[in-house]
Amino acid sequence: MRALVIGRYQPPHKGHVRVLSDIAAKFDDVVVGIGSAQTSHTHNNPFTAGERVWMLSKVMKQSGKGVFFFVPIIDVNRNAIWVRHVESMCPPIDVVFSNNPLVRRLFSEAGFDVRHSPLYEREALSGTEIRRRIVTGEDWESLVPPEVADLIKRVDGVERIRILEEKE
Amino acid sequence: MRALVIGRYQPPHKGHVRVLSDIAAKFDDVVVGIGSAQTSHTHNNPFTAGERVWMLSKVMKQSGKGVFFFVPIIDVNRNAIWVRHVESMCPPIDVVFSNNPLVRRLFSEAGFDVRHSPLYEREALSGTEIRRRIVTGEDWESLVPPEVADLIKRVDGVERIRILEEKE
Amino acid sequence: MRALVIGRYQPPHKGHVRVLSDIAAKFDDVVVGIGSAQTSHTHNNPFTAGERVWMLSKVMKQSGKGVFFFVPIIDVNRNAIWVRHVESMCPPIDVVFSNNPLVRRLFSEAGFDVRHSPLYEREALSGTEIRRRIVTGEDWESLVPPEVADLIKRVDGVERIRILEEKE
Amino acid sequence: MRALVIGRYQPPHKGHVRVLSDIAAKFDDVVVGIGSAQTSHTHNNPFTAGERVWMLSKVMKQSGKGVFFFVPIIDVNRNAIWVRHVESMCPPIDVVFSNNPLVRRLFSEAGFDVRHSPLYEREALSGTEIRRRIVTGEDWESLVPPEVADLIKRVDGVERIRILEEKE
Amino acid sequence: MRALVIGRYQPPHKGHVRVLSDIAAKFDDVVVGIGSAQTSHTHNNPFTAGERVWMLSKVMKQSGKGVFFFVPIIDVNRNAIWVRHVESMCPPIDVVFSNNPLVRRLFSEAGFDVRHSPLYEREALSGTEIRRRIVTGEDWESLVPPEVADLIKRVDGVERIRILEEKE
Amino acid sequence: MRALVIGRYQPPHKGHVRVLSDIAAKFDDVVVGIGSAQTSHTHNNPFTAGERVWMLSKVMKQSGKGVFFFVPIIDVNRNAIWVRHVESMCPPIDVVFSNNPLVRRLFSEAGFDVRHSPLYEREALSGTEIRRRIVTGEDWESLVPPEVADLIKRVDGVERIRILEEKE
């Protein structure tokens, strides 16, 4: 059995790690779809798909559970064909995990088994909160695995996020 | 050190496995770019990117060497920006392996260390030859790893390739 | 003489039927351009172009007036070429009916005879109001022809619109 | 029951009319997908989608059989999502008629009931032959319905096809 | 030495002229990138790229300083490849002038020498202010060079901007 | 009066210079549309639009005749809207010079005054011949202005063209 989980992972955080680990414990393979793969260098989407693949693979490799596929998914901006677009980029999927109503609806209409994804400390463990803290200078490193904090610094991500917040 | 190898893998064969294994033996990570990811169901490109990711991961997982990233690369049809496009989808790359003059030229102009990829029994071990044998009914299974042969059959790939060869 | 009317028809309602019938009474043919054809499964654009073609053809077929063409028009997001894009998808147009300032301006600059479209009970007879009532559970069926209400239910449209309104 | 037939109709000819009439006699509705809708003004694709919609509607309106939908289908150049693309532009389809191996394969993989389309005097009744005769000045009008011959002349189609054949 | 300055120039105004003249005084060539080149006929982007090239060339030709290139830059909506996209459309660039944090960041990451652009009377000399005054009927002509005012009138730009402000 | 001339200029040669100079002698402005602007690094299209703008501006600046606009024109691959696409990127055009039947036809259908472009020593003075000589090592420099030969060498164009000719 192979599960699909789609997120933007801007950046991957401890909530993602727990969700992916939970799912990996129950499935042979986990396909991690990296959404809005074409987007980067904006305040809400600071990292490239490649940087997100890199961060995720560093962290999930160490979880020791299951087989992970990290697949960049470029937006097609056409909901009616989006599920087929995702399918064409991934190994065959048996179950889809998502809490997003649109994602759930689209995969349901296409006949997939769609399940709710578990959530952990949603308020703190969110990309929005992490990016906010990076801008204000509050502690954000405790919200992400140490490998992710390390890679964010290696790509100069703190400075990148702060600068993208500035006004002209 | 991280190496990039780009191919279409239509389908992955024993030559690919040897090349990827050779490179994996010398590098920490190997990024396998799956080219023309948007193409499928044509005689020259029968399999979707997802099917090719699946086949490659089945085979290279078992090689036991290095860390592999399998990244679908959609064509952008603009050579001047193609290297940046590839970069944005991959973890940072140190060395590029390719024998294709255009790929070599584009990565060279962008300042990359570009090396020739080793080749094994190029005449038999090629996607073109494998697809030809599938159409004619000659032995093709000996040219691919058993896991690939198995997956080709599971997605009804033999029939797919034969039908796409038919004339209206 | 052939008239063009462009709308999104999300969904077609009794106001649309009256406008199209009025115009059909005065022209040989009426081309009904279905705008934002690529959009579906959003709160403001719940139905696919195909579903909208289907609904419109069910209703206007029965009006017994004139000849209708139902043509999906995909957005090109370039105003300077939009009129030519529309023209290339439609039989030759003599008159354009629209109340939208941008549409009127673009067709005027291209030399077309542009006229104001009649309006009926604009407040209630609008897609926005119908979608709002579907979410709240108020009566919406009286605002659309019975054939449209029937097709909305057949494609599970009530549930689709409600779910797309939900928050994650 | 609703049938889908896809063609390029460059231009519509007497063979198309017989096929569409045959199918219309057996189905409630016939969706006529006008393929490569974005293409025009080339030797192989001289007419715009709008011109082809116009020609087809003139001819099939007079056949007096069934309900026809004429739907321009823009190429997406991604076989894996093409069926969904077509579906999103058309009313729901029960049966697909095609003799093209790729079209047949793609709709079959998507679970559709795919049937062979009848053929009439394939050698003469083909767009290729009609365009060839227009260039050489041989009789082509006998191969198309008189309404189509009339519209081809009204859009200056004979001259357009001849000029597109010229060398620089 | 060749400098790049990117703006939308909706429309070009006296502030632009001073900035471009300042830069032209210090560099051999100035490449003026006309951003969002595909956009026109909206309230914020009323003029086509061609109209903006025309206006700029009329004004800067008369400044008598340096060599100007006016290059339309179509948005690609992918920040990670945008610098390469711009580069591929322009002669080789030595220095980039911009006050926009995103533009500055993207060119910096790509290794360019990025400098702040001088600003003159930012409050009045802005496209936003000029378009606002055109709508309200206040004096706007004093904010642009007379050649630009003339061309805006020749393309019926005053009326265009006012109409695009209207509600349906 | 403003004339438009469209070419690919791969690379600009002495024939182009004479044609552009001839036209510049008779018109106030000459818009030089640089076609297939998105293409580069192929055997038939070795240079980027930016490199071609650069070469043309070096040469035509020195002709001392008229005002030149050098405008990259990205292919849209839709003939029916191509003229509008070109128009939106250029200052208003009065006359179009072209010998290409398709270009002539499209601008004629759009109502433009289309004229034949003069030709000089077509056999030798062609991009195809120049690229062929670069590959074989024959004299090519005499076919282009010295400024173009210089820039081709500065961007390592000789090597680029030769390498793109190589087989894998």
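Each chain gets a letter, A, B, C, D, E and F, in the order it is written, and its residues are counted from 1.
We take it that a residue touches a chain if its C-beta (ideal position, glycine included) is under 8 Å from a C-beta of that chain, and two chains touch if they have at least 3 such contacts.
Predicted model only: the values in this text are computed from it and were never measured.
Asks: Report, in degrees rounded to the nearest 5, the angle of the rotation taking subunit B onto subunit C when the C-alpha atoms are fitted.
Replies: In short, 180 degrees.
Asks: Counting residue numbers used by both copies over all numbers at the interface, does the subunit A-subunit B contact come out same (over half shared) or different (under half)?
Replies: Because over half of the interface numbers appear in both copies, subunit B and subunit A meet with the same residues.
Asks: Could you grab the centroid distance between subunit A and subunit F? Build each centroid from C-alpha atoms only and quote it in angstrom.
Replies: Each chain's C-alpha centroid was found; their separation is 46 Å.
Asks: From the C-alpha centre of subunit A to that of subunit C, how far is it in Å?
Replies: Computed from C-alpha means, the inter-chain centre distance equals 37 Å.
Asks: Approximately how many whole Å separate the CA-defined centres of subunit E and subunit F?
Replies: Each chain's C-alpha centroid was found; their separation is 26 Å.
Asks: Of all the residues in subunit D, which ones touch at least 2 other chains?
Replies: As it turns out, subunit D has residues touching two or more other chains at 38, 40, 48, 78, 80, 87-88.
Asks: So how do the chains connect up here, line, ring, star, complete, or something else (other)?
Replies: other
Asks: Touching pairs of chains, which are they?
Replies: In this structure, the chains touch in these pairs: A-B, A-C, A-D, A-E, B-D, B-E, B-F, C-D, C-E, C-F, D-F, E-F.
Asks: Spell out the part of subunit A that touches subunit B in their complex, as residue ranges.
Replies: 37-38, 40, 48-51, 53-54, 57, 61, 67, 69-72, 74, 87-92
Asks: Given the complex with subunit E, which residues does subunit B contribute to the contact?
Replies: Subunit B reaches subunit E through residues 78, 80-81, 83-85, 87-88.
Asks: In their complex, what parts of subunit A are in touch with subunit C?
Replies: On the subunit A side, the touching residues are 77-80, 99-102, 104-106.
Asks: Which residues of subunit C touch subunit A once you look at their complex with the stated criterion?
Replies: Counting only subunit C, the residues touching subunit A are 38-42, 48, 160, 163-164, 166-168.
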